[in-house]
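Below, subunit A partners subunit B and then partners subunit C, in two separate complexes.
For the complex of A and B:
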């Protein structure tokens, strides 16, 4: 019998010990949508994680409104942890953008990937808004 | 190699196996599928006498297993078994679990058993965990250790009783990869499984069990592609589809999403596919159909996966006045419609028996 380890196991899952335990993965799934505030270099950064869909879109808007309260700087939405967005999420983004416009400010995006990037492209949001590949690129430019 | 003739197993008045006849040849990988309660695990457990058959014969390499004069323990050593619940000894380290059988039953010297055990652990990708205890391992790791333990006894055939059913979906692939490798190495195996794509990909023969017998058997292509008997057809169709009923405008979207995720994992669909199915259904159901339903919502969703052409088919049936969202001129430019048209390769509308039907593909 060939006792070499199956390449599928090593390639797909990495050496033993590097995989995260089940409990952490379960905890991650339970966080449906989370927004964390961070200011860097005079730019207000909001890191969005999880899903912005029909269920979470209004909470997303409220959370961004809380973050923007009293702030007078551009908003960078760090979407590196955003797994999913639907048209409900896009509508919320339009509401946020409109609100910032009244103050002469704009919203920017970074870290789009996967489903989220596809939805931005399909909807044309990639032509309406300025999108950066990474947070660093965004902070250098803004 | 193994010949089963008129095998029956009753539990009191309950007849689980009625008349099972089967030949297992060396090198075969036999997948056993079927609905719950049809005797799949019982058949496996009868083969190595974890269950005592009520009647019938089991001949292993010319020796009748059920003959009172047969050295059952010796014969059993040649049949390895991997259980759904791993069954590792929690008080022994991983390497000790693997060494136990060879040392105690095969009288192998400890050093030789250790060396062989480490080779097997390396093969299943767990050499680093040799001195860990089972409680320190994930489910997938435990099952891989269980497989290594079984192989340490150098069995002629390995029986797998739903080896991945107790595992988190994220761990199933690692165990199936090891089983796939054993198949490539020529190990004779009989696997009771609900992982249909795996059964189709790795087995040389598929047994569909129902009514206490092997209801239908054939190659994977025959059973999954052209099942001949009605119950087989119904079963194969069912595992390839996911159905969901919506009867309220406030339905639980995440319950639907969870069902899609579970279905998709069984079909080994990619994360991207799963998210796209969820997106199409959210856009269509929430933004288009439910709004038109009024107070009485009546929508049925069927998601199907066709392996032949790697396509996902969605059939959505909904009550109410005739309405085709894709022909709704007012809605053509809205974001939902843009997303739907881009993700779908087909969107056909029918009106049948007072119901609307959308047939979509992606």
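For the complex of A and C:
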């Protein structure tokens, strides 16, 4: 069984391979996952939007790896636009964090809300990562 | 099959279809916002477990059945794969996960904490994980 989601699932809307996404479905679950890079004062800021779930997690990891390529600054994940994260997303965060650690760098978080905040608290991620209420707080402290 | 249940191939490309089915049922019964996201999350964790482990040898199906009764939504997540009680797994320790590089086991802990109630039974050669959510009237 191939667990790697086909690319199209991430870019568009699933279920894939059997039928095309319809306007109706896109309306229901519009944002999938998007990461935007934005460097601020020696800190690499990556704003995550949408959902980091089983379907999008590998794309999320790849996108962060692209952003980190050749960089040597800590990473601030701005989660203000992150609506949903599942355990697949938590695993991605651990992978990203381990990767950064090999360079002696850390990942920080800001703007957790709703479901995402709950998931961080339940999994204990709030105790192993430094989390700031807002981006500004983070940038002042880092 | 009635209109409260759906059975589809146990594959990741079917996840969205399962989720839409459950989300639409839950919304119809007044679940919204973070409550709805919690339901989605528990369902994703339970289904992905099935997709990954239930059928090691040949493809099979997964099913969900939604029942709403007295302010409580119960979702039964079913498969006919190898007998497996996800609730028997020990919760991960995040600190040792980071230290040892072992990554995983968060799905079940999320279900346990976010659902009002969860239980497992093996019946008629099926794994049945029932995940229940009480509707918060102020949500």
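We take it that the second predicted complex is superposed on the first by the 113 of 142 C-alpha atoms of A that agree within 3 Å, B and C clash if a C-alpha of one lies under 4 Å from a C-alpha of the other, contacts with A are read in each partner's own complex, and residues count from 1 in each chain.
Methods note: contacts are C-beta pairs under 8 Å (C-beta built on N, C-alpha and C of every residue); 3 or more make two chains touch, one makes a residue touch a chain.
It should be emphasised that the depicted structure is a prediction, and the values quoted were computed from it without experimental measurement.
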Contacts of A:53 with subunit B and subunit C, given as first, second, both or neither: both
Touching partner for A:140 - first (subunit B), second (subunit C), both, neither: neither
Partner chain(s) touched by A:115 [first = subunit B, second = subunit C, both, neither]: both
Partner chain(s) touched by A:123 [first = subunit B, second = subunit C, both, neither]: both
Partner chain in contact with A:97 - subunit B first, subunit C second, else both or neither: second
Partner chain(s) touched by A:62 [first = subunit B, second = subunit C, both, neither]: neither
Subunit A positions touched by subunit B in one structure and by subunit C in the second: 1, 3, 5-6, 9, 13, 15-17, 25, 53-55, 83-84, 86-88, 90-91, 114-115, 119, 122-124
Residues of subunit B defined as touching subunit A within the complex: 119-120, 122-129, 138-139, 141, 151, 168, 170-171, 173-174, 177-178, 180-181, 185, 187, 253-254, 271-272, 275-276, 278-279, 282-283, 286-287, 334-336, 338-339, 342-343
Residues on subunit C engaged by subunit A in the complex (per definition of touch): 11-17, 20, 23, 33-34, 37-38, 40-41, 44-45, 48, 51-52, 55, 59, 93-95, 97-98, 101, 103-104, 106-107, 109-110, 113-114
Contact set on subunit A toward subunit C in their complex: 1, 3, 5-6, 9, 13-18, 25, 28-29, 53-55, 83-84, 86-88, 90-91, 94-95, 97-98, 114-115, 118-119, 122-125, 127-128
List of subunit A residues in touch with subunit B within their complex: 1-6, 8-10, 12-13, 15-17, 19, 21-22, 25, 32, 53-55, 83-84, 86-88, 90-91, 114-115, 119, 122-124
